[in-house]
Every structure is written in structure tokens, then in C-alpha cells.
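Each of the next two complexes has chain A plus one more chain, namely chain B in the first and chain C in the second.
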Partner chain A sequence: MLIYREKDNLIHKLHPFTILAFIGVVLMLTLVLSHPVYLLGLFVAVGIVIIAADNYKEWKVYLKYCSALIVLIIIFNAIFSRVGETVLYKSPRLPLLGEIRITLEALAFGAGMGVRLLIIISVFCLYTYAIHPDKVLKLFNKGGSRSVLIIILATRLFPLLMKDFYRITEVQRCRGVKLDTGTRWKRIRNLLPVISVLLQSCLERSLQLAESMYARGYGSGDRSYYNRELWRPRDYLILVGMSMCLVIGVFSTLIGWSNYNYYPRLSGITGREIVITSIMTLTLMIPAILNWGWNKWPLLRSRI
Partner chain B sequence: MAVIKIKDLIYNYTDTRKPSLDKINLEIPEGQFVLVVGGSGSGKSSLLRAIAGLIPDFYGGSYGGAVYLDNINLRQLDRRNIVNRVGMVFQDPESQLVMSSVEQEIVFGMENLGLPNHLMKRRLMEVTSALGLSNHLNIFIPELSGGQKQKVALASVLAMQPEILILDEPTSQLDPVASEEILSIVKRLNEENGITVILVEQRLERCFHLADRILVMDKGQIVLDQNAPETVANWALKNNSPFVPPLAKLFASVQYPEIPTTVKQGREILKPYYQLCKSSAGFLSAPNKKVEIMEINKDQPMVEIKNLWFTYANGKEVLKNISIQLKPGDFTIIMGGNGAGKTTLIKNINGLLKPGRGVVQFQGKDTKKLSVEELAPDVAYLAQDPNDYLFLPTVREELAFTLTNLNLADNGISQETLARLKMSSFEEVNPRDLSTGERQRVALASVLVTRPKLLLLDEPTRGLDYQLKQELGNLLVQLQAEGTTIMVITHDVEFAAEYATNIIFMAEGSIIACGHKNDMLSNSTFYSPQINKLFNNIVDGVVTFDQGKEALNKLIKLNENIAISV
Partner chain C sequence: MVYTMNNRLVLSVVIATALLLLGMVVVPENPLYGINWALASVLIIGMGILTFFWQFEKQEVNSKDIALIATMASLAAISRVPFAAIMGLQPTTFIVMITGYVFGARTGFMVGAVAALVSNFFLGQGPWTPWQMFSWGICGVIAALTSNCNRLNLISFTIITGLCGYLFGWIMNIWHWVGFVYPLNMTTFFATYLLSIPSDTIHAVGNIAFSILFGKPFYIILTRYKKKLTVKYQDLSN
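And now, the complex of A and B:
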């Protein structure tokens, strides 16, 4: 089912390449940077862009489930990690687990991993809600590949299949097929008629679809590629900002500025990390900043 | 513009012995609007597919004779060349759209033809403006209505700028308003752009008058090829063919010299009779064919609905304070626009949905306390698509499946039901190998084997031709006579007028009006059959074909008497 909804803001009106590049850069930096301050900066930037894209409501759901997962990661890491010197709690000897030492370092490491996970999940949220799947596929489908067509077909047919499934279930229940009562095995067995009808109808439909595609010349020779996506100054501005961020991030990684040691004791945070993170966050926030200006000043709207 | 010439065309599908096209010879000049009519399996669709080159290229099978486009044999043209010139729109909008957005769907065909980007943009703009789709370009296709989907399918074909447009029952899955829109677009394309149109349609009252030429097909042959509708109407009457719209059939049945195809033409013919019956009270002696219902206890209602309200889980309130009573032997039809709550009402009766507020009682029992399965032996439900029922290898097993599920003994009921539906010879056939009308009869048989007391049907006439509709109508009247309560949802005003007893109009979840069909279907702008519109303000209460025939005969006689006395 397509959950993307185009909204009236700058982020939803970007060239698909720009938004994909944003997602790619954030993902890459999340994986290469390990300093928690850098990661926090990335998270703030992504969060602000998601809010600017008016997808906060959807993001909240992702955050809720992700937070539960992060708490679990922190607890497990704190319980099972035996390194770290700042002991916060020491339990008496327990069967199987032995003595549990909860250290500040282990907690911090779990939290750091949690932030990384948060960024990845948030980026996926942005990908799901801020970019039309067809546009992404089209971007990679300049040659008209068949596998891309299959993915598009699946997106289109999935809702239809679900609708068919519910309808057939109702019809078969009216013929006495018991899907709500009996043991679980019986209920699964009783689904067979529904699945069987669904499969046969799908087969017939696929033949009709193939005929319609054939009648519209699919497979009659080389295909061309329809494209109406336009490049605007906003795309260039964002791409320049992202390139800067990428260069800074890779440079910091290469010379070791973005490394961070959790164990045996937490390393300190220097002003250098704060400055670099601020610059990176600001460059990644350009879409949100532009969106703010785009909403506030009609003149800027017409210029970018 | 292309001229189509067909010479000695013979075609057999791979798995059939009977020829689907049997020695077809035909010539269609450019710019003509050709209507092809005929029963299910008469070869109409095969003929269209042969002209579009899908037969034999897509279907295989054995093929003889030739189809020429501008004197070039279709077999010598490559696929791209044919697609460039012949566009085809199919029956089911769901099964012909490939992409997920309207814009991508419309350009799909053009991309296949390898057209450059600038040309695709231009044609997209033109075709979406012409079809009123400009504001829908970014919409996800599953969110469109059936009519809009069919418009997108048409737009996708038109964007390829074909010289010949072929449409295979394009409105059979649509409601009347959407159908009207599609047909008027097609007519406009024919008149304003000179595109040759070949159309297969079942509801002839909508398109008989649009065509320049009518072809009647039967058993793979063209049995009639005529330009004048009156000749077709007279021929149909003489040969007992159902493929003629009700008005034409009415005038032909009284041997009237002129045959109208539209209500406007019919009223023009009746103009001289206006003064004859200004007071039409008592004009019709037998206003209604009465169905003799067998002796049953009519005191206890079969279904009683009191103050029913229903809201779906998403918060949409679909039924608002519905109260109705259905007695044994009632034949009620529910009409109303899309989203009026008709299907939801039926599902509240058979237990698929449970009332939010209010009560639904079946034979005095609250349906809230009964499961669908408990109600199923007495309440039969035939959904829109018969395919949703069929999955077993034979018709016989389909019927036995229902009986086994409901723990009912056969006692010869399967044979009896099949015989009644004229399906006995198909007992060992795979239902999926049957035609649409036959599949519907198998689905109906599979719910009728329980000898239900209440029969609920959702849009049963969709996609059926006149003959099949007539057979279905007669069967329902027979069941009604045996005391079965029947409730049908339909958009088909002509069907409602001919067979129902009572009509319920629904809008936005409420019952707007209900009563006898003579009152409900008279003098309405939209929900009146053609025959009623013809006699509007001339003779009151004419709704069915028999009433129309009687009224027309009387008018003619009155006129003759006056002429003699003068």
C-alpha cells in the first residue's frame, strides 16, 4: 500500500535525487562516525528535516517503537558487558549470570548505539514518507528494466490483493466456511478455499494485465523514459551543503577526530568536536532552513 | 486514417474446437462508429482482438483469412506499427492499469513506443485536459473510482494517438453516471477527431443511438450488418433476439412504422397523441403483472430492521437510522449512488457486519447473537463478482462444498438447482472455464442449494447481456413466487422496473424513499426506465415493457378511432 502523501512543503517538492542523496549521506555518515556528539548532531539534523517535511506524526510512531528497542539494547549491554571502570551498581552473585556490574561506560555505549539506530530508523521514515516510490524507481530505471516494472506492479497490486482477500473471505464465510471459530489448525485449513480463489483470480488478472500491456506495445522495442522532474536552485544549495558535510565527516574519520573510546573510561568531549558537529548539523539542516524561508518569504519561494 | 478490411477470417482458441470467428468478411471505413452486439460467446471480443492484432499474436490458436489495415495485412506489420494505429480499452479497469500513479500510467504506452520526452509531455497535457484528468496526475491509482480508472485506461490509449479505438465493454463494471461519461467521451472523439470507433456494449439503451452502424454477432458470425436502427429493431423482434434497446423493442413490438432510439425521438413520435389522454386515470387496465406468491404466513416479517446505525472502525458513519421490514415473498431493490450504504446494509442483514445501534432481526431472531455461519443456511448472499466463489474443479463440487460446510444433506437439491438454472450439462465442467453469465449462475447455484428463505444479491446484472439479465430476472421472480424474500442492489433501472416489486432509494446512509416501483420509478430524472420517460405526462404509471406495450397499443387505437370519426 502506498503510504506516501505529497505535502505542500519544500522537502516534498525536491528533485528525487536530492532527497535520496540526503538519505544516502546521512546513512553513510551514521555508519562511519562513532563519536556520540557527531551522531547526536546527525540525529538532530534528520529530526528537524523530518519535522520540516511535516512528517512528525508518522515519525513519532517510529520513535516510539525504536525507543523501546533502545532501552532493551542499553539494558542488555549494561548487564552483559563486563568492561568499564565506573561501576554504578554491583549485584550479589546470581545463579547463571554471576555478579552483575553495571558501569557508566556500558550504559553510554548502549546509548551511543541507540542513537545510531535512531538515525537509521528516522532516515527510513523520511524515505517512506517524503519521497514517492515511483520516482525513486524511475530514477534507477532509465533503461526500462523489467524488475523495476515488477516492483511498480507489486506496489499497485498489493492493495488490490488485500481488498480481494477480504472480499473473498466474506463470500466464503457466507458459504459456511468457518474462519473465526475452531482450533487454530482448523482455521488455517479453512483459509484454503480463500487462498485458492485468490490465486486463481490473480492468475486470471495477470493474464488480462499482460494483454493490456501487450496491447499498449510493451516489449515491442526499446522503451523511452518519461521524466518531468526539474532541477531548481534549492536542489543545488542542498547538494552543495551535503557535499560539504560529507567531506568534513570523511575527513574527520580519516584523521581520527570522530573516534570515541567508551572503554575502559569515557573519553572527554573537546570543543573541536562541538564545532565540527555544529557545522555538519547546520549543513545537513539546509533543507529545513530553506523550507522555513520558503514558507516565510514568498520572494525566496520564487527565487529558489 | 485507416480502413479496416477483414477477409474470410476464421479463428479457434487453442483449447476450443468450435470456431470463435467463423468466416468473417467485413469492411469498416475510416471515421465510422461501429457497435458490435451479441450474446456471451458470440465472438464479439474475438473480433475486436483480431483487429487489434492480439489474435493470434497474444493468444495463439489457429488462424485463417486476413485482417488488412489500409490494404496491408496485419500479419506483415510489426507490433509497434499496429499499436501506433489501433488502441484497445478493456472491460475491467482494475485489470488493465499497470503503474501506480495516473501520470505514469498515461505515459506507459508512449514509453513503450519509445517516444521522446518532449512529445510525451505534450500528449500527456493534451489528453489529460481533454478527459478532465489534469488535477489527478499524482493520485495513487487504487484511490480512484472505477469510472476514473477507466478514464485513465482510455487516456493511456489515446495518448498513443491511435486512428482506431477499440473498446470491449468499457462500461460493464461502472455505475450509470460513469458509463455515460465514458460513452460521451468516445462519441466526442469519433465526431471531433474522426477516430474510428469499434465498441462492444451490453446496455444498448446507452449507445444504440451513438453508432453509425450496428453489427449483430452469433456463433462467431456476423448475422446482421445494418446502419438503420429500425431495421435492427425489426430484425431483432422477428428473430426473437434480445439485442435491441427497450424503446426500439417497444415500437417494433406494435409494428409501428417509425422506430426511435432515444427518449427524445420517442416523445416526438408520441406528440400527436398528447391530447388524447390528458386524463390518464384508468387508462391502463392491467397496470402490473402480479406475481402469485404461494400460501405462506405473511404475518411474521422475514427481516425487520429497527433504527439501524452503523459506523466502520475508521469512524465513517455509513448507515443512519434505517428502519425497514421485508415480508416473505417481497422482491425489493435498493438503488442509490456509490457510497450510499447499500452494501453495508446488506452485510448487516446477513451478519457479516453487526449493528452499531438498533436491531436487525431475521425471522424474529436478533442477528447480533447469530454468526454468519449460523445465518448462512437461510440467508444466501451473492456478491458482485462470481469469481470470488469458484475454486473447485467441477460445478458439482462447488455446490457440494456449501452443503458440506453447513452440514446439510443433498437429497437431490444440487441436481434440482442446476436443472432450474439450466446448468445440468455443466455439472462436471470446471467453473473457471465457463463464461461470465454461466459463472454467475454457478455462484448463484452454490448459494441456492441451501434452499434459503432470504436471497441477497449485490449488483447481479453487472456485465450481463440482455438475454442473461432476462433469465436472471425470471428466475428471481420464480423464487419470489415460491415465497423467497429477495433483496437486490442494482444501478440497473431497466432491470428494477421490469422485475422488482418495491424500491428503496438510499443516499448518504439514509433511506430517502421507499415504496412500490410504480411510484418510485415514475417521473424521475435519473431513476426512471426509458419506457417511463417516454410516457411521462402522457400516461401515468407506465414502468414495465408490458405496460408500455399496452399503453402504446391503446394510444394508437384511440387515434385511429378519432381519425375514423372525423
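And now, the complex of A and C:
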């Protein structure tokens, strides 16, 4: 039921902290940097890592929905923003909307925002498809063992209750309750008793769970935990690359290099941004590069 | 006593940091001015959630509480799925609120927050997850604060679930506004809130309907279960 599927490549075998840190760094840089060249660089890096993780198929679906949203954002911004100077199209006076001026700057701004949204969605795609949720939760085990236990239990119970739900609807169907036909209102009304039964069966389950936990000595003393995840050289390599990228990104934000003015006129793109962006993209691409080496080069595979 | 002092200290530190962050974003003439509002707002919301979770970690909890929270959260999460076809109409808010009403603020918040997180493992995580966690958690807390220990006041509970339908939308709107809308000013702010009225109304009406239909049976089932959970030892030696 979980949408995560383990795949045989380096990115799926990284320490969960490394990949979480990767996602965190990209998210933070996306929100902090506003220059479109930097954003494009980040997008390229994330895209290559997703493809290296063999999640291109899932990513495509995200991209499809996201691009529809981006087109909407660009259109809305172009229609409602009246700040730019380079006018591309001027409409006659319309009722309600008034005069519509579509400017190059507004289009560019919409596109810039769109790239930012694209990166955020892609990063969450990576999070959903490249890390097992349990591995993430285990990371927080030391600090918040109870909350983590609750989340893990609830995740485990989800498919179980789903099965319960189907079981109860099956029973209802056998009794002649129509759950698939009839008007929408009737279907909802027939669905209601199912929820009530589900509550009772799930509370019963909860009591059994508590008794079983109690019988196994939950809460009787300090709990023991073990950690199967290993830190390997690959994790260190990727973390070093990422911290370099983070430092460069934050530095260029503080110094003002990553600012970009869309309005009133688009500002130019200098060589500096392109150089910095390529360095940042390269450092962020390290997981993908290592993955390539991991596949092609048995010696490297044994070393990292 | 030391324990409560410690609690208050951490709480005030969190509030101070949140205010400082808010100030840094809003007040001009400092390096963080104009930093992305989406980032700042997510950080503030995240601190709110972490404070509740931290409180939960510190308090005394037994296996029954843990099992109850996990099961109710899972039930609230799964109830998002069959009704997902009708946008906004989902019993999740109602289940979170009735749990908070019967079992108290701590359980209410945990059930709301965990339900949002867990259902998103199956529906897809995104930047909206912390916002949903916070909104549903707060719904649970509000229900708990308005509860009248031993009796169900169905009318007031129904009204509160209706209001929470709107409140949920209003908190989520902040995210929509800082995340997708430009420019960030009062006009677009109110426009975002105006646009969300229909879906919020569906949510509120759904909550009211669920409360009228299920309020009483759910309350009876949950209180009976609560009695089962609480064991009192009586000293019979003398």
C-alpha cells in the first residue's frame, strides 16, 4: 500500500540522514535564492538525482500536474500584474477587469515562480519515492521515542483499517446495502453506518494492542534500541558536497548576488551567476555521479 | 515544581524565537528582511508542532494512551480516503474533534497531527503537511477546551465543529497565500480568503452533518472505552 518501492541503486541505499539533508538543503536554497539562473541550476540537479534514483516514471506524473499549475500561475500573474515596462499586448477596456496589459516582466516572474514550485514538488517526489518512511522515523527515535512509536503504529494500522473498511463494506453489500449505485447522497448515507462499525472494531483493536504492549513490558524501563543504518564513505562525500553548496548559496544570498529584479525591467544575467550556479549544481549532483560510478565501476562500488 | 518551571521556560523560549523570526521578516533594515515568507511561516508552524510533541514526550504516558492515539489517528487518516471524491467533505476533522472532546487536549492534538502526517504517507507528502498537522491538531485542542467533562452538549459541539471547518481553511489559506500568490499584500490576502469560502463552507457543513449524525453514538462509544481504559485502585486494607 505504501507508495515507496525499494530500488537497487545507490540513492536508495544511502543513510536516511544524508538524503533528508539533501532534501532540506535543496528546499532551503529554493526558498532563499530568487535568481532564476540559480533556481534552474537547482532544478537540473534535483532532476538528475531523481533520474539516477530510477524514479523518473513517478516524477513524470508530478511534472505533468505541476506544469498545468504553472501555466495557470503564469497566466494569472500576467493578467493581474501591472508593473512591468515591456508591454507585449494591450487589450481594449474590458468590463470588470479593465485594461489588460501583458508584460514580458510579468511573464518572466510567473515563470520564475513556476520553476520554484517545480523544484519544491520534485523534492517532495524524491522524498516520497526515495526514502522508506520507517527509516526517516527511526532517525528521530532517540529524541522522541513515543511520538515516533505512535506514528509508526498509525502507519501500520492504516492498511489494516483499510482492510477492515473493505471487509465491513463487503458485509453490508451481502446484506443488500447499495454502496456503488444510486444517487451520490444515497451512497453517502449508506456509507455512514460503516464508519460507526469501523470505530468500534478499531477501538477493540486498540485495547488489544495496548494489552499486548503492556504484556511485552512497554514502559517498564529505559528502552533499548539498535540502529542498522551504516554510515559509509558515500554519505560523507555527499554531505561534504552539500555543505559546500549550502555555504555558497547562503553566502551569495547574504552578499546580494542571488537577488534578481523582475520589475520594472528584467535585469541582465552575468557570467558570475552562471559560474556559481554550475558549481552548486555540480556539488548537488554528487549522489547521481556516485551512483553512475557505483554501477559502472566495481572497485568504486567496493570502496564507497 | 521544577518540571513545570522547565516546561514554561521552553515554551517561552519557543514563543520568543517565533516572535523574533516574525519580527526579522517584517521589520526592514536587517539581513533577513524579505527572506521568503513561505520559509518563515513553515518554520513558525513547525515550532508550534514541535512544542506540542515535546510536551507529549515529557508527560507520563502509558501503553493504552499510545495505542489509543495511534488507532484514532489511523481511523481519522483513513476516513480521508472514501470521501475524498467530494472535496472538503471528510469526517477527519469530526473524528479528531470528538476524540479531543472526550480524551482531552493532548490526545486531541496528537491524533490530529499524526492523522495528517500518516494519511500523507499514502496520499503524498508536500509542503502542506505541517500546515495540515497544525490545523487538525488545533481543531482537536479547541474541541478539548470546550468540552464539558461528563456530558455531551451536542448543540455547542456541533457549532464548534462548524466553526473549526472554517478555522481549518483559514489556517491552510495562510499557506496558500504565502506559497502560491504574488504580490503578498492585503488585496491578495483577502482575495485568497474570499476564494476559499465555498470549500470552507462545504467543510463546515460536512462537519455539522457528521456531528449531528454521529456526535451522540461516537461520544457514547468513546466514553465507554475511556471508562474501560481508566483503572482505579481502591485501598481495601483498612
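Everything below uses one rule, namely that the second predicted complex is superposed on the first by the 298 of 304 C-alpha atoms of A that agree within 3 Å, B and C clash if a C-alpha of one lies under 4 Å from a C-alpha of the other, contacts with A are read in each partner's own complex, and residues count from 1 in each chain.
Following the convention adopted for this analysis, a contact is a pair of C-beta atoms (placed from the backbone, for glycine too) under 8 Å apart; a residue touches a chain by one contact, two chains touch by 3 or more.
Everything quoted here is computed from the prediction, not taken from an experiment.
Of the two partner chains placed around the shared chain by superposition, chain B is the only one that A:I168 touches, whereas chain C remains out of contact.
In the superposed model, A:R228 makes contact with chain B only, not with chain C. When both complexes are overlaid on chain A, the residue A:Y218 reaches chain B and chain C alike.
After overlaying the two complexes on the shared chain, residue contacts for A:L88 are found with neither chain B nor chain C. Look at A:I75: by the touch rule set out above, it reaches neither chain B nor chain C.
By the touch criterion stated above, A:H132 is placed in contact with chain B alone, chain C being left untouched.
Judged by the touch definition given at the top, the superposed model places A:Q200 against both chain B and chain C. Once the two complexes are laid over each other on the shared chain, residue contacts for A:G176 go to chain B alone; chain C is not touched.
Look at A:I274: by the touch rule set out above, it reaches neither chain B nor chain C. Residues 1-2, 133, 144, 149, 153, 155, 160, 196, 200, 205, 209-210, 213-214, 218-219 of chain A lie in contact with chain B in one complex and with chain C in the other.
By the touch criterion stated above, chain A contacts chain B in their complex at residues 1-2, 6, 132-134, 138, 144, 149, 152-153, 155-156, 159-160, 164, 167-168, 170-178, 180-181, 193, 196-197, 200-201, 204-205, 208-228.
Interface residues of chain A, counted against chain C in their complex, comprise 1-3, 28, 31-32, 34, 73, 77, 81, 109, 113, 117, 120-121, 124, 127-128, 133, 143-147, 149-151, 153-155, 157-158, 160-162, 165, 184, 188, 191-192, 195-196, 198-200, 202-203, 205-207, 209-210, 213-214, 218-219, 254.
Here chain B touches chain A in the complex through residues 52, 54, 57-58, 78-80, 83-84, 87-88, 90, 92, 94-101, 103-104, 107-117, 120-121, 138, 140-142, 153, 156-157, 160, 347, 350, 352, 371-373, 376-377, 379-381, 383, 385, 387-391, 401-402, 405-406, 432, 446-447, going by the rule given at the top. Residues of chain C that touch chain A in their complex: 31, 35-36, 38-39, 53-54, 56-57, 61-64, 66-75, 77-79, 81-83, 86, 91, 110, 114-115, 117-119, 121-122, 124-127, 180, 182-183, 213-214, 217-218, 221-222, 225, 228-229.
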